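All chains are identified by letter, namely A, B, C and D, in their written order; residue positions are counted from 1 within each chain.
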Amino acid sequence: MSHQRYQNCIEACNACAVICNHCAIACLNEEDVSHLKRCIQLDLECAAICRSTAEVMSLGSNYSEHFCRICAEICNACAEECEKHASMGMEHCRECAEACRKCAQACEEMTHVA
Amino acid sequence: MSHQRYQNCIEACNACAVICNHCAIACLNEEDVSHLKRCIQLDLECAAICRSTAEVMSLGSNYSEHFCRICAEICNACAEECEKHASMGMEHCRECAEACRKCAQACEEMTHVA
Amino acid sequence: MSHQRYQNCIEACNACAVICNHCAIACLNEEDVSHLKRCIQLDLECAAICRSTAEVMSLGSNYSEHFCRICAEICNACAEECEKHASMGMEHCRECAEACRKCAQACEEMTHVA
Amino acid sequence: MSHQRYQNCIEACNACAVICNHCAIACLNEEDVSHLKRCIQLDLECAAICRSTAEVMSLGSNYSEHFCRICAEICNACAEECEKHASMGMEHCRECAEACRKCAQACEEMTHVA
């Protein structure tokens, strides 16, 4: 495995991790946080999983595809939740959903090439 | 899911991550490091995966079992490699193999209960 | 630097990181989450900083004391916030405050010995 | 603190963490690894510190500047070591030194603005 092969996916995972953390903190600071509990929970899980997926790939690990598979799953789950709030005007959720969908796609591509 | 259920496994993962990093650094400082390349590689992967597995469990994530499954696999692979060097007198590899086997077992138990 | 010297502090940091994540998630699931925003924010920061402090120590890094210094600071800040809610009966905040104070002390000891 | 302010620095930290891990693994796979021990050690520390600095910034933490200060220091130390090997033709060390210098500069800018 060469790390160049994973480069795009690593970048998508790191970008998604950052945006998920931003979204969690932004949700926490919304006036009506009680409707955003599930969003914050998924943001935090997605950030943790994206970070670890990027790290495992950056080590050139044989377990990279396993991580990409789980990462695609949580990214899609997080995107689905964020899209609900995005449609009601929450910009941080719109950005987060976009980053999650992009990361999910990059991760899925890794699992197909493997 | 309650976090108490995962408590033992989280502790085993964190302990294993620390010992894998110690083992990697100790291998790196051995006189004949060229025979320990695979050991260092697996130590670093195992440390990263154990850390992320502990983190995902500590968030109470539904993806915890997925992580435990991969974590058990890398822990057993790392233990197998370390056991080769342990049998030739390397104490840091003996300690690492022991922590890895213990962590693998704790992770496997999580995947059965699920 | 020997890693044994850091062993207690590493364990305190990892334990604190786990409990801070638990506290963040438990706060998020309280009925009146709006009063717990600052607590969740500090829990998440404290978890991230404790995890990284443990990792840096486990690599035997010369930067360990720098991390211990910051870690003691955030742990005390997080403990202070959690103690407010602990006094009003929140068990997860009581546990978190305890882990934070213990970790802060372990980190402070590292910076004195250095 | 707005996360936009930190965006460039977060990206530089994440990019540097990835390249440091690549460099560590590439060094490990060089024929003469014994001359690269210090490089691998610094790569691993730098990767860990860059990752945590990015994470702490992505949470909008008040401790971000503290992390940026340490991160600039390890990045410069790692760059200095890598530059020795880069000048002898090691491409992965050249790339790593470049990413480290760029990250150090981004981190230093954060500590001045603060």
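What we mean here is this: a residue touches a chain if its C-beta (ideal position, glycine included) is under 8 Å from a C-beta of that chain, and two chains touch if they have at least 3 such contacts.
Heads up on the chains, UniProt names are A, B, C, D = Four-helix bundle copper-binding protein.
Nothing here was measured: the structure is a model prediction, and the numbers come from that model.
Chemist: Between A-C and B-C, which chain pair is linked by the larger number of C-beta contacts?
Modeler: Pair with the higher count of C-beta contacts: B-C.
Chemist: Averaged over CA atoms, how far is the centre of subunit B from the centre of subunit C? Could you give it in whole Å?
Modeler: Their C-alpha centroids are separated by 23 Å.
Chemist: Multi-chain contacts in subunit C: which residues touch at least two other chains?
Modeler: 25, 41, 44, 51, 55, 59
Chemist: Draw the chains as dots and join the ones that touch; what shape do you get: line, ring, star, complete or other?
Modeler: Per interface graph, the chains form a complete graph.
Chemist: Under the touch definition given earlier, write down the residues of subunit A that touch subunit C in their complex.
Modeler: 24-25, 28-29, 33-34, 37, 40-41, 44
Chemist: Residues of subunit C touching subunit B in their complex?
Modeler: 3, 10, 14, 17-18, 21-22, 25, 47, 51, 54-55, 58-60
Chemist: Per the contact definition, I'd like the list of subunit B residues that touch subunit A in the complex.
Modeler: 41, 44-45, 48-49, 51-52, 55-56, 59, 61-63, 66-67, 70, 73-74
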